[in-house]
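Here the structure comes first, spelled out in structure tokens, and everything after it is commentary.
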Amino acid sequence: MHEECGVFGIHGGAAGDFRQQSISAAQAVYLGLYALQHRGQESCGIAVSNAGVLRAERRMGLVSESFDAPTLVALTGENAIGHVRYSTAGGSCIENCQPIVTRYAKGRLAVAHNGNLRNADELRDKLAATGALFQTTADSELIAQWIIRERMGSRSIEEAVMRAMSHFRGAYSLLALSPRKLVIARDPMGFRPLCIGKLDGRWVFSSETCGLDTVGAEFFRDVEPGEVILIDTNGELHSFRDNCPGKGARKAICIFEYIYFARPDSVIDGIPVHNSRMKAGALLAEQSPVKADLVIPVPDSGIEAAVGYARASGTPYGMGFVRNNYVGRTFIKPTQSERRKSIAVKLTPMTQSIAGKRLVMVDDSIVRGSTSANIIRALKNAGAREVHVRISSPPIIAPCYFGTDIATREELISNRLNAEEIRQEIGADSLDFLRIGSLPLLIDSNDQSSCANRQCCDACFSDDYPA
Amino acid sequence: MHEECGVFGIHGGAAGDFRQQSISAAQAVYLGLYALQHRGQESCGIAVSNAGVLRAERRMGLVSESFDAPTLVALTGENAIGHVRYSTAGGSCIENCQPIVTRYAKGRLAVAHNGNLRNADELRDKLAATGALFQTTADSELIAQWIIRERMGSRSIEEAVMRAMSHFRGAYSLLALSPRKLVIARDPMGFRPLCIGKLDGRWVFSSETCGLDTVGAEFFRDVEPGEVILIDTNGELHSFRDNCPGKGARKAICIFEYIYFARPDSVIDGIPVHNSRMKAGALLAEQSPVKADLVIPVPDSGIEAAVGYARASGTPYGMGFVRNNYVGRTFIKPTQSERRKSIAVKLTPMTQSIAGKRLVMVDDSIVRGSTSANIIRALKNAGAREVHVRISSPPIIAPCYFGTDIATREELISNRLNAEEIRQEIGADSLDFLRIGSLPLLIDSNDQSSCANRQCCDACFSDDYPA
Amino acid sequence: MHEECGVFGIHGGAAGDFRQQSISAAQAVYLGLYALQHRGQESCGIAVSNAGVLRAERRMGLVSESFDAPTLVALTGENAIGHVRYSTAGGSCIENCQPIVTRYAKGRLAVAHNGNLRNADELRDKLAATGALFQTTADSELIAQWIIRERMGSRSIEEAVMRAMSHFRGAYSLLALSPRKLVIARDPMGFRPLCIGKLDGRWVFSSETCGLDTVGAEFFRDVEPGEVILIDTNGELHSFRDNCPGKGARKAICIFEYIYFARPDSVIDGIPVHNSRMKAGALLAEQSPVKADLVIPVPDSGIEAAVGYARASGTPYGMGFVRNNYVGRTFIKPTQSERRKSIAVKLTPMTQSIAGKRLVMVDDSIVRGSTSANIIRALKNAGAREVHVRISSPPIIAPCYFGTDIATREELISNRLNAEEIRQEIGADSLDFLRIGSLPLLIDSNDQSSCANRQCCDACFSDDYPA
Amino acid sequence: MHEECGVFGIHGGAAGDFRQQSISAAQAVYLGLYALQHRGQESCGIAVSNAGVLRAERRMGLVSESFDAPTLVALTGENAIGHVRYSTAGGSCIENCQPIVTRYAKGRLAVAHNGNLRNADELRDKLAATGALFQTTADSELIAQWIIRERMGSRSIEEAVMRAMSHFRGAYSLLALSPRKLVIARDPMGFRPLCIGKLDGRWVFSSETCGLDTVGAEFFRDVEPGEVILIDTNGELHSFRDNCPGKGARKAICIFEYIYFARPDSVIDGIPVHNSRMKAGALLAEQSPVKADLVIPVPDSGIEAAVGYARASGTPYGMGFVRNNYVGRTFIKPTQSERRKSIAVKLTPMTQSIAGKRLVMVDDSIVRGSTSANIIRALKNAGAREVHVRISSPPIIAPCYFGTDIATREELISNRLNAEEIRQEIGADSLDFLRIGSLPLLIDSNDQSSCANRQCCDACFSDDYPA
């Protein structure tokens, strides 16, 4: 099951009574998850360890709407981990929420992860063959089971995690909470981001740096691909970088995090997302200039690339749409026939800004093409003279097996049509995508031969999956 | 009671079975209110008239989270009006929600309005002296009572509205739904916006044009200050412009709608809000230039002015903050002591964009000053070299008595401190406000002597209230 | 609108800080309403007066499920009144809930009442003719409006209540809470019960004595028909019995309260409900003996009469049904076709108790007949040899205009069929109703000529309505 | 974890389209659980198999308040099982709700059970030692895991169940739903009831016969202790009675089901519960006669025994209390100090029935003694002259390890005090318990030597646990 998610964890600190902390572990996780909410809005959960006991609360919905103050206050504990989960078709049920909490022979374990195991079916079969049973369809349950299985023959939970990792193939940024310890792991290719911060002497872990910023923690460093980290009962950080499984493997950091998924104020593996997007816009301006009156973004994810395009091209930047932020999950959509009457639900063109103008519209990607077609038609209806579409990523031609739920191969418009055909289908006056060779530049590499050399994953654009 | 709100109404059309309409009256109001949601998030309501019977559903919360599909479908009817309401301190209860529905000797009446009656206490006393009782503290109940009182000696509901208006002092944009008719009125000074659209031959009324755009209606014209409009049972529009109370009065369109309150894609009384804000930015750039590396907006309301400033000054525009859109009403805020640890809840500075830079930060207004101080400190912590604050409106020195809930006189920082003192208090490197004389330029008037001449209300900046 | 309801009120006591009371006014009303819940399950509400300010919370649903502890704690105040409301067809909305709270020229007033005004339409028209408007269809709003109208020319709220009462026709047991006083009134014919208790020096008012018992208050006396009571700011009780409107009128205490509506542990106007029901059973046994093996009640309202019948006849008493108390309001009923498969939802026959037996089944009344038919068929299916039905009240032939929502004249089976025809329709082996002449005996009167002489209302049985 | 619960299951029928059934499987389970609701009010759940796929919905709360019509309709499927669960201290969470649904190597399995495994810890340890992990603390998860483990080496799910049973010690009445089959099992000693019914050719299984009655199914027979039943894909019933584990073991049917837990209209293992209770009352009357005016039950569980006592003793029967059925789970209880003011929450004495009388109060058991003391005090306050307490079971001196959550040994008053001491503590004028030697008579055995001979479990009274 594909899923994009976010994780956040915090340790109670070196010593002293954690009840004296300026912010409780659960409250910190709450704020961290709230900062990571863009990574998943379907469900959320927080697990805490308190004097050797694990407890979790999991909910459907947004963090800010799912936890009330009494629930949060009741989640007393020294260490805590949390999870936000993306809405996926099927599987939307409370049982699939994370963190998953389990009991086993040697204790208890809570697991939250972001990613996707490619060999999940195989691992599940192996476990099942020995009698394992599964109550969910989530990778996190499988991961927990395998770790626990390895725990039987291991001296420690961290050793069990490392042993388990030698069986895992795919993407995972993982937080495991035992009654006394916190173990953190990132897959050897580092598909999904995971970073370390410090807050008043406590260790903090977050999918993105924006989680650290929100709780006021200082960035310490990224968890390295293949690294396993233990925070012991004294709050000491131990890194198992050198003898980790996958040591020395090719890295495969997801390039799409920079283009679309991550929050623009995050810094992933040393590269500010904001910079990548600005550069993508600038590269597009160079690659595909056009005479225009105004550069407009498709809000919110296209803003930085549009600013970058405008600045590099010298064309004025402006807002072309108003985005309605009040679309809740229960919004009653107009029917298809009502929509044909040009009912605008989420994006409304800003007529005064665009009427009579030649526009460059910058967006981050085209998946199925239908959204692009709708908003271009809306712009034209509102009086835009020309709409030149510039996409700050290459055509998406392949699905992701590493934790981003984009679409099936059949749904991807770039898999069926070439750029000119897409241009016609969406009704643009011109259309260009960022060249695939430019991707390494987004992450400060001068080697444009391929993303692989810079050790990032561009499989959705190249159909070339990291082994 | 001060309140900013939004209203939306639709008539069933000239003839034929309204059940054949592509969109039901209630569904249209639902979408219209959703587009006007920025005008009020506390409560919402929809009233429909169906074969001579009035029904209403009112809810606390957002439109998109308060109405489910069965409720909306059950609101069958030809004509409908709706309301969204601003969150005000005290008085947050279902009883105060609109539209208010009442029964009286000659029938029934539903009323929704946006605005504030200055002589509400006096009117309430007059009614009370004759035995009236009030179940709410809302102006809409008072307005309904007075209209109904006038209805006794009138030949029609529209006549009753006109008679009632001769007693009302202050701001009101009013929709009144009787079992068969729809009556619309705007106060003689036109404080609050109200416009007319057409959708497949049906008349539509909305606080702002963005409501028309969202349902796919064409703009017809604004309701004129002092105008009363009747949509009769045949769907004919009758205007009572000439013999209206207040005919020829000075107009007093709220300038703050242009600066802050309205949605940027709306056009109010002929002036696109987007243009006003762009111009405010350009005027500020002229009035108060500064050597800087980047112009950043305080999102979302400062974006247009920042773009205008950047364009006029030649300084690059960029995003300086990420705004978290997932703050629900039930968000558990960190305590004050936690916040001192620089926990950023709603706006997070985009370090990579601003570190080491000289910034111009454009915002729409400063009310109490505390928010400005917080975000300037956050920018500096994130490495901003200089922060030059430019406010796209003059200092607010007086409260609003016409329906915008800003603050009491004592809370207004500009009432206590001059610009230099404010600059010090908020920690800016420089600070400037738009000159009050520039306000008329925002609405395309060349007469800079005062807003009064252009017939708009700038009382919050000038302390000079329209009579 | 017909409605059976319950009211409960408490005064804060003679002196001293009411915050020191062992139980708060709102908590006492909460418990009192909970004891009166059998009088109405649709909605509930509590109003409190606190230092001259009135507040109310009203909810749909049961008291115990509608108020949470924080809400109850927040209802601080010295005096309080409350209301539970019967579920009526139509009009199920939060607006119609009581207590109603109003503002008027001289202050504020909260009103809760049980009963039904016969001249409500006429009164509403009179008020409407002077411009009054109504936001609900509830009598309580009308009563409040009329009291407030009279308040204009009165020296006190109690005087206004008395003046208003001279216009009211019908049934009302009324609690009115002003910012400092509590006024209680019962209509001159005393249709609905209302009693006075004392709790630690505080005055308590309740529809039934079971409300007093539940809060631990001592019974003081009943409010007399036509009496107005004032509890002043010093906690002194003043009775306006002598110069009350309706002084000396014929009384018309509802006989159906004794037969069915009231709780069996209540004492109404001096007569224990339990005794009335036991006597009804005994009278039936005398009037209509039958050779049988077992007397069974239709639970719960038929229990006392069945015990009375069994004891008087010497036939053993036993349970014939199990009643499922877990039918919530949201229970998903089987469809009609499913029910034909003899699905038993609320009452299940106790086969072992009844198989092969000749049964006397005692019930309180037959309204439409369909329920009786269902349960007799179920008994027969479960093996009952004979089912002899004995009804502890006469045939209901007329609707109630005084506050009990029984049925329309057309729906009443006794209005269409005679006893023998009903027997056939419901499938009983024999059927008898309590003789109408026996009704006075239920309330300890030896004058069997008619209920009217004992001054109670038996209009639903006699079609003879008190003037 | 001790828990009393109820289970209900139905098979889709021999052939043909189950969508044509008069009642869906899920709707039948819904009604069955509603009839079994007295066995557990904390949570409920329904699992269905539909064309090889298992789905479940589980909820906290009552069946009738937890499932809405759309949810029930969406639970399409041929076979279904359901569960209601008792409220236990701790462990109240959605994860512990049943039926539990699991995936494993050979498919899927849903399990619902009533009972308690004595060797749960040992079994859990054994599984854990091989790497099993547990996400709940419920026996049902353990049972499912063990069945699945056995499934690996078995040819069928029914064989796996039988193999698993050879490891289980304790009480279980078990429904297991595979994608195509339904397997039913009852532990070899038959602690908990489980019966079979037929509904239009479909097999139905219920903890008690009242579940069959409610859906209109005919009683077929009880599941025998140690029996495993398979309903195959053709709807054929196969019994594995002869080669079952535990064949020929001593039986240990729970005597407390007859005394208190089961619904009075149920028939358990051939003995009507109603008869047992009537007989208990009669035996008490013989054993412990007393001169009295009235026999009253403690409602609702003491009613049958009180009727039996009254009939045998010739003393009149009557109601002494009114029970308030409106206590929801969210009822705000008065504080302890408020309760001392004699606030009656659930049971109110019926003063008129008992004042001045010598009462025999019949109850089913005394656990901690505090409730008895409260209600006896209330009766005396209400004027009872004497209160003679007769308990229709022997003193409870030992906890239950077979699925009834009564109390710990320390909490049991009969473990600390003898009958005379208890009498003094609860303030009764006399007190007697049913003799332990009479228990066999409740289930129609003449051998009064011990319950063991009749093959029922009376461990809570005898401290003699079945091996």
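Order of writing sets the labels: A, B, C and D. Residues in every chain begin at 1.
Everything that follows uses one rule, which is that a contact is a pair of C-beta atoms (placed from the backbone, for glycine too) under 8 Å apart; a residue touches a chain by one contact, two chains touch by 3 or more.
Predicted model only: the values in this text are computed from it and were never measured.
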Which chains lie in contact with each of subunit B and subunit C? none
Maximum centroid distance from subunit C, chain identifier (CA atoms): A
Subunit A and subunit D: spacing of chain centres that average the CA atoms, whole Å: 49
Counting only Cα atoms for the centres, state how far subunit A is from subunit C in Å. 61
Centroid from C-alpha atoms only, then distance subunit A to subunit B, rounded to Å. What do you get? 36
Could you say which residues in subunit C touch two or more other chains, in rising order? none
So with touch defined the way it is at the top, what topology do the chains form here? Options are line, ring, star, complete, other. ring
So which chains end up touching which? A-B, A-D, B-C, C-D
Hey, which residues of subunit D end up touching subunit C in the complex? 22-23, 27, 30-31, 34-35, 37-38, 41, 62-65, 67-69, 72, 199-200, 210, 213-216, 263-265, 267, 272-275, 278, 303-304, 307, 310-311, 316-319, 321-322, 324-328, 330-332, 334, 337-338, 341-345, 348-353
Sites on subunit B touched by subunit C in the complex: 94, 100-105, 109, 125, 128-135, 137, 141, 144-145, 148-149, 152
